[in-house]
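Okay, so chain A shows up in both of these, paired with chain B first and chain C after.
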Partner chain A sequence: MGYGNYSSAAHAALTASRAHLGGSEVFAQRQCHPLMSPKGLKVRECRDSAEHPDSLGIVFALDVTGSMGDIPRLLATKELPNFMKLLTACGVVHPQLMFMAIGDANSDQAALQVGQFESTAELMDQWLTWSFLEGGGGGTGQESYDLALYLAAQHTDMDNWVQRKKKGYLFMTGDELPYPALSRHHIDALIGEKLDEDIPVEEVVAAAVETYHVFFLIPDLARRKRCEARWRELLGNHTICMESPADTCAVAAAIVGLTEKLIPDLDALAGILSGNGFDREHVGSTVRALQDYAALLKLPQSNYSSSAATPVGKWWKRLFE
Partner chain B sequence: MAWIAVSCPQCGTPLPRLALWRSVKCGSCGSLITKTDSVVTRDSFHQALNRARKDSAGLDALLCCGYRYHLMQLLGVGEISQVYLARRIDSLPFLATIKLSSAPAASSLYSREAQVLVELQALDADGVGAYFSRLMPEVISQGVVEGNDGKHALVLRHPSGFWGSLAALNERFAVGLDPRHAVWIWRRILEVLNFIHHHGWAHGNLRPEHALVHPQDHGIRLIGWSGAKKGAGENDKSADLCRSARVVRVLLCGASSSGDLPNSVPAGLARLVTRTTMDEDFCRSQGAEGMDALLRAEAKAAFGPPSFVSLTI
Partner chain C sequence: MSTSRYASVLGLGFGDCGKGHFIDALTRRWQAHTVVRFNGGAQAGHNVVTPAFANSPSRHHTFTQFGAGTFVPGVRTLLVDPMIIHPTALLVEAEVLGRIGVNDALSRLMIDAQCRITTPFHQAAGLLRELLRGAAAHGTCGVGVGETVRHGLEHPDQELRYGDLPQCNPSKARRLLDRLQAIRETLLVEFLPQSPSWSVGALSSEFQTLKDETLAQKWLASARALARHCPPGSFEAIRTQLAQAGCVLFEGAQGVLLDECRGFHPHTTWSSINSPAVDGVAARFGIEAPIEHYGVIRTYLTRHGAGPFPTHDKLLDGLLPEPHNSGDGWQGAFRRGHPDTVLLRYALEAAGRLSGLFIGHLDVFQRGLSLKWCERYSVEPTLPQGPRTVERFPLGVREDLDHQHSLTHMLQRARPLYNAELIRSAPDFLERITGVTSLPIVFCSYGATCADVREN
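Up next is the complex of A and B:
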């Protein structure tokens, strides 16, 4: 997979043509599309080609439970062309996108749906809109994000890694906690693969991180309280709290640009976003969401001003005694 | 019923029934036996975690509450603590601010501060709590540092982009800070005080060392919450306001001053600062919100409509 060229104009026209449609019209699947079923899945490939000699695998694993349907809809009706446009503006010329849809393996019919790595607007759009937005979730406060991590670790093969030891990107969106362990029963039922035992989620993360830059994007500040702390334990500063789901694409593209060192800092990022038509509010919220991650990339050059916490002998000390 | 005898294909030794569904090691010849070729073993994932942790094994690390942290930079030194920028050693890094005790009294204060911060983070008020939760420190853990002579640590999420404390800013602008910057700094402090006072809390120990400045975003983060009081009375709240004005006075005067406000401070602003510094009844009657309204009015009279003035350090 991954052949064909990307056309920004074609992609923008495709999404604009359905901007007025309701979510159920854009996402017409009422069950898992047979081609997105992970049953029997061996490997999803992201390959170099004559047209794309420097491919870079990027996976979006979208939470499609009840509370998270807005991000797939935004991607399909507006934002995905912006993501590609920003990647191009940053200098990422051969991205290949794959979509996964994540639900709750304990309660949903289609807890894991998997597309293919693609380079063209039509095929990216196809896999995105073939996703079944089940809108489920078990009400336990946990979703099966571990399935996406496992699939990325175990069932993808990317030339950017194999040929160039350059990691791909895995962006998970969500607002719930992960299950503490990947269940071998779920893997058997969904993929048809045997695990010798359940795998703690920390270990699944560690395996995925060997070939991917893994990020968890929380859609807004109100929803961060219920899941951020746990994700921060697992992914550290790769847990990104956005201010609005509408920032998903800008944040993801910016992460790729910053990590690949194609964007030197957040000031440059703000310039790129403004130059590509993002309004001031959108630019500000994107930059704020990325401050912690950008700080991590800037290490060890911290410009924090060290000082004695209680300066001695200052005239003003008496004011606070 | 079909009977199955599970034995090692290498040496024929009987295997435990676990071998029917998971990998086992033969007790006799030591071979790793898996049921089919397609079984994925947990061990390969476990090894990935081990590799991630091994990558940082050579670093000096501090072990607290089950996590290892590499201390990267000394950020400040206080009477009972040293404050460090640290990086958690794990599959994916995490930046933390660690307060490391240098006196026995620190442990109870850390415990108290952690408890206060958890409660403050849980506050909500028609959704605005999510906004304020970003302005306050976030506790990751607190406890004894293992193998370090009983030292305690308070681990906080590191707030990126902050330059230093207002005490450091005062040193930097030793002849007095531009009053326009003092205005936004005071307004940010009042904003947080208004929120916590509304929920019955008082900071209790507001001082220049207990506020961090983010020059780029014009942000202020209050720290040093161990003295915070829940169920605070009007006196506690007015004391917070009074001390906030003292912090602003310190900034306006500068470190090298004798304590008199410089002539560059507009008269109206100088009067407001001076009165708030000394008159707790005035603070009580205004509250944080009223104080902010007065400050906005004085700032508008002196500098015109609000505009962003870059703080270059």
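Up next is the complex of A and C:
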């Protein structure tokens, strides 16, 4: 007997944060929650189970730095809780969702926070609550997306890949550039792992792409110019420009549905979304965000969404009149 | 007709007897489906080391609230009243387990809605109390278990139970927050008069915790996270879990020599460590089948923290490694001493009905070490004609603290008298134990992992 380490850690985690009072209610954490700290992390597992025999790992890595303003909060409170439901609507039966929060390794105290793969919205919600919104990020126009890519590539283990050679999904959302290379010092400080040298971000992307379909979602058109070109170099048409951050989950769920061929085309997608209570504007902006990606998948162009001004197709019109 | 088997493992020393090690071994051997923690709290530290197997390396974990059978896939932990729950530490422990590959510990956990819970305010007040004792420290683990019990007795209206945590309607949530603030304010008022002299250091930092008005809300968010993962277990759910066919193990925390009534006051813990306590918990949930109770000892005696320890030998401190019990933290030094039959006899009597013994650390002899066998103490007689040696300590009337105090006093002055023959081998040791008690020695352990546990 005689052990107080976990209790001391828990005590310290709550009381040490006294210096940073004020701020958000949703993200009650004032520092990286011990459960989300990647320190010493070996592997996050996404496993099949009796209840979920055909699991599919989906990672959502959210930029939580200051430049994103209220978007992380909006996603965490309004959008992500519905993500599971939307995935089901898109025909993804056994999603396992993991949430990561990305900061800036050069200026934030929690450059990367990592949850666990969860199969219910309630458990997922918990990781969101535990996330600490730093609001930092520092002036460089770059964030540590490379850490999220590296963690997904090196420290996750998914049955969909191991058992069925089916890739998982990694969605990053943010508005900044990635660092040119993954710093071994950051990896050492963050995970406690020794790398021989820094790894160019291209290589980190390549490693993640081996087991994940990787996407970068830019939350709104105003934020496009900051970073779109660079992400297109890295990810091509897996760079998705949205019109509103409120579309994030619909876009992500749609991407999974389209890629897995659970949704035949964009028109079918529009039907699913409107069937799930999305209003016409929301459906239109979601479908428009996905045009380029649908072209990549060689899906037929949707006949109503070529411009924001006239998001109207034939049956579509009927539905809302 | 139930086919369930119920067994408990109780330490017969001052703790660190090897209960975790034996619980892990029994869980595997008897294919237990549930390990029950029923006493103490997060101050327990039950070390389990798994053997390396094929490509997987050996793993180690110090179990404090999760049952020590948790390394075995599928085995559930059940925490029942009167165990004290530290919700936020449970989350930390789950994460630590996750890092060594046990990812589902929280989903295998059930917590009795009746369990009392520790808050940061209890923890801070417990630490303040121990700091203020200075040299007269009782030896605390600093996790707030004692303070939680004490506070609950003095302020029953402020007691928090695990079943209070889940959020329902706003007015109930409000009342819960009010109760947390009441705990904080009660403790704040208690320490306020002494506080002006604490400008910096540990005292001041723990006192800040009591002054922090925002902490209750933050703590609640975190504790509720646990309650969402692991909703409070109803009486019926626990009864069903315990009645399931198969084996249930009751994992005692601490050791009989620290028992709240039988330990050496004031160096005791707020917890009952004896077989009637286990029987009482089981009976509460309608288990009628008899429970096998097993006492655990090490070949040598250990004590972590303050309190008398007649056979303590500094030489052994240097010779016997203790990789998972360090001397730092709140508890103070980890000490080792020779086997002590006076304390063993007392422990056997205080533990209540036992079915047999488990003996750990028999491998010390393989390393060429020999131990001394303490048969009696030499004491200063209290009366001129009084006895000058003591072989056994009388068991007093229950809850007679004066009696326990006098035993502590005697123990502090006792000088151990050793048998002329050193103990040089495991068989020799086992034989000497059979001279003290007629209880069968059921399992012996010759190493750190379940692979080293042998039936005797």
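By our rule, the second predicted complex is superposed on the first by the 272 of 321 C-alpha atoms of A that agree within 3 Å, B and C clash if a C-alpha of one lies under 4 Å from a C-alpha of the other, contacts with A are read in each partner's own complex, and residues count from 1 in each chain.
Just so it is clear, a contact is a pair of C-beta atoms (placed from the backbone, for glycine too) under 8 Å apart; a residue touches a chain by one contact, two chains touch by 3 or more.
These figures come from a predicted structure and were not determined experimentally.
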**Item:** Partner chain in contact with A:45 - chain B first, chain C second, else both or neither
**Value:** second
**Request:** Check whether A:65 is in contact with chain B, with chain C, with both or with neither, and answer first, second, both or neither.
**Result:** neither
**Request:** Kindly classify A:8 by the partners it touches after superposition: chain B alone (first), chain C alone (second), both, or neither?
**Result:** second
**Item:** More chain A residues in contact - chain B or chain C
**Value:** B
**Prompt:** Is A:286 touching the first partner chain B, the second partner chain C, both, or neither of them?
**Reply:** neither
**Prompt:** Should A:194 be classified as contacting the first partner (chain B), the second (chain C), both, or neither?
**Reply:** first
**Request:** Go through the superposed model and pick first if A:203 touches only chain B, second if only chain C, both, or neither.
**Result:** first
**Message:** Is A:154 touching anything from chain B or chain C once the two structures are fitted on A? First, second, both or neither.
**Reply:** first
**Prompt:** Can you name the residues of chain C that touch chain A in the complex?
**Reply:** 11, 15-16, 40, 42-46, 62, 64-65, 86, 88-96, 98-101, 103, 118, 120, 123-124, 141-144, 205, 208-209, 212, 214-215, 217-219, 221-222, 225, 228-229, 253-255, 304-305, 325, 329-331, 334
**Request:** Report the residues of chain A in contact with chain C in the complex, numbered from low to high.
**Result:** 1-11, 13-15, 17-18, 21, 28, 30, 34-35, 40-43, 45, 116, 122-123, 126, 129-130
**Message:** Looking at the complex, which residues from chain B come into contact with chain A?
**Reply:** 21-23, 34-36, 38-42, 44-46, 48-49, 51-52, 72-79, 81, 83, 85, 87-88, 90-95, 121, 127, 130-131, 133-134, 140, 157-158, 160-165, 167-168, 170-172, 206-209, 217, 243, 246, 249-250, 253, 255, 257-259, 277, 313
**Message:** Please output the residues of chain A touching chain B within their complex, sorted ascending.
**Reply:** 153-154, 187, 193-199, 202-207, 209-210, 214, 220-222, 224-225, 232, 234-238, 288, 291-292, 294-296, 299-300, 302-311, 314-316, 319-320
